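As written, the chains take the letters A, B, C and D, and residue 1 is the first residue of each chain.
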């Protein structure tokens, strides 16, 4: 892995030297205050090694990346029943648009747009109190990452709660189509809190290993989910994981990835690596600009694209 | 390959025995007259062998599958300039909808929806007469498949011309946004004819090898396009290749695929195989129902999914 | 007025005998329990006389008809400034759709669709508590009708509050575009309560006189609003007053009218009459079916259409 | 009429002195070459007198105003059957948008948006050759205006034919939904030609008298259409006659009006006057800016608003 180590160091050095890093999300103060120059990268390999560099041990707000874990849990609870509540097609519209939801009677097109993630959160809740669902979500992530230090940043959750009018609108809109079982307040509270989970690149790469190894934490390690489920989540990440630029991410990077407005991206190279990158500056579509660029270079150099070496 | 041979025979036998094959496209008589019970499958392997069975040598109308080849040619002519004319995001809408085109000022979201394919055809034309462009398209496919017998079915082309009001509308709509260089008639004539190319599964699997082998007809064979171009076309096939069910196809099959309303699907398993399947019955989204099912089983049995073995 | 008396009696008798009265609104129990066979009609004439028949003195829930009165008050407070918050074009979409709101950045197309009415209610609130705004709204209606008995049916308001997810969504959606000054809860609370005002046809016809007499309660009576304001409200009623069937109402009836899902319609025949009709059964667009039919006949018989006698 | 004469002179003088007249339509050279400073006004009164001033005898391209006359003829041929082909609701969208047409399966929302006018033209054609339909349309207008000099400007028609991609798209789109009986070419040819009819304000005011007098050319004159038909056309003009600013026109002017991109507006004040105004500069919605302003003042001064004196 000498080569990969060198490549990672070179990538981090190069990215830190760039100025074209996009704008940090500003809609809540807790995200806006993050230092735009941060850059971290961590790669968990099949043998257990983690190659990491830069600000790879500093926790950041994972935001929408948390939707991977709630989806995994919801599929565990409901299996294919989940797909009656939410579709699995790319949305072809900005990530928080209500238009498509209206046209399709409150059934979100996929689990990664905000409306779909609310439906998934409702499935995870399954009649319980938000606190119980959050304990389960956090517990699953800690287990997957083998790290009990992962936490929810409550100030971030609180901020979103007081400014998240659009998500409140979405939840009530779905409620008007009888698409949520729990009260809108419960779903929103759980959603705002799981989006506020803080993790470092290292923790995130470790938590995502099961996507790279057909459901196991390593090729022969403990199984978290079935192989078919891991493959399907990868497929959804590829087609829908990067908001309205998912096609572009697949085109350029060639790996399943899920981004968050905190500037993180979790990507999986099946059979090869689980990768987490963090750079707070976002492009117009809401994805980490330098994070995506680093992944593009990494995949090309390592010949990790799922579309051909 | 004894295993693959047995698997292919079993798949063909099973598919032929099923009755739930969907409805044959009826909008033009030439497609409607096809025997719904036809089923063919052909797999081109890296060593040059083709494993094939069923109606694998009977030509069918490839229709939208031809968009792969025009895209390949247009990228060869224009490189990344092509993306100023057409996007690379899934459309999130039925394949021939005009709505998105309106909202985005005549720039189609991707090269595989009809509007995008018209833009691509216009790029292939690049000021020439339809006949010249068609000669180039057919020539490229014949070269890729190493088969000079591939032909354009003019009666199909003629039928589409006289009933293709929606495509005529699309072309003129794009013309109103100054999105086509050639006269609408030229673009439409070329489009209707390249969609009317007839190929057998065997021919199609051979023609698609360059997608499975990073641009070459075999791992060390002749190069048709660069590796990065092949990967990118695969990415577009995965995110946009199966109309409004592209997400579902990625979820179930896990391979880049492009379908046509003639009932064919061309899929690539990078590094492993180029696969063509044909079954004329379509599902609600316009994809071959049994074709997709056969690919789903094949990918699972052979562990060919790009999302993990 | 002997003729008009006879005509009104004949209309009421005829409408009561019909069975094709549409379905009573069922989304809240308080509306669903209303007897579908009720039919009332009241016509306030320039000389002060009210010709009325049927269930013309039974209070019903005026629902969206209340939007006329909040609009009148909001224009009094803000004048033409109000049009920066809300447009005055027909919406061309079902009355509670969010789509158009998304496309136009949270500015509702007109004051009579739900989103527009929420913006108008916010303008009436102008920083006050809901109770104060409601006192003003009810006070204005009582003054216009010269009847202090008009009241808010709190059980209806409470019902809407607990099931009005779509309106909650709309208010929060507008809040996300910074289109509301007051908290969403205040706006919604005020809105649900003014929609729950209960009035009889007689009271409603009296309250609407200022629309028929250029802002006065009679040709030479007390002025409530300026002539130009009354004309403009009539224009908005004609183009936008009957949800997505406003064009049809103008076409058939030829009078400015505003309907509510409680089955009431208030119409004005400028210079001639203020008319209120009530029949709880609704057509597909949400307008009182027999109410509209009765108005169509009345306008034709009396040659009251504003589009020519 | 001394007052009206003075008012008309003052209005014309005032409008000619203004500089804020908007931009002349530029999409075809024949319209772009018109002198922006032209201003004409003509008012046909019940007694047969025409009060006119400015460039009131200079022919201009009536464009969409012609849709009034084709609608009148189509209703004469098909009666209420016409409404199965086209709706009568405001569109809530820019005048030549395809979106709504897609959503409503090719049935245009009203006869005045381009798609609806094409459907109406198809109804007038009713299986005949374009020449025959055009002869009928021109004949009707000449009869209504009592002026045989009215003509079709063929250079304008030719220009539109060669640049009207969007209308070609619309016609083929409707054809794809089987919404046109005649070939798209016939419908388009007839449409481009009737839009290219040239008339002066005087001719236009005379041609529109039947709208002001319940279907007759004067209160007791010859009947062209029934009273109910005239009223209904007025209603459609009011709700849909001025593109996406119809609501605003009703709000400000308070008269049924139909505008054209040539800068003309025909308005009717039922029982009082038929009014034609011409000023080539357009506002953002495509209506004559000074034309609408002159009508607003005229209606206010004369107390002609249909919404109250």
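Assume a contact is a pair of C-beta atoms (placed from the backbone, for glycine too) under 8 Å apart; a residue touches a chain by one contact, two chains touch by 3 or more.
Just so we're clear, the structure is a prediction, and the values are computed from it rather than from any experiment.
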| item | value |
| --- | --- |
| Most distant chain from chain B by Cα centroid | C |
| Distance between chain centroids, defined by C-alpha means - chain B, chain D (Å) | 48 |
| Distance between the centres, which are taken as Cα means, of chain D and chain A, whole angstrom | 56 |
| Centre distance in Å when chain C and chain D are each reduced to the mean of their C-alpha atoms | 32 |
| Chain D, residues touching no fewer than two other chains | none |
| Contact graph of the chains (line, ring, star, complete, other) | ring |
| In contact (per the touch rule at the top): chain pairs | A-B, A-C, B-D, C-D |
| In the complex, chain A residues that touch chain B | 87-93, 100, 109-110, 211-214, 227-228, 230-232, 234-236, 238-240, 244-248, 250-251, 254, 256, 270-271, 300, 305-309 |
| Of chain D, residues touching chain B in the complex | 97-99, 102-103, 165-166, 168-173, 175-176, 184 |
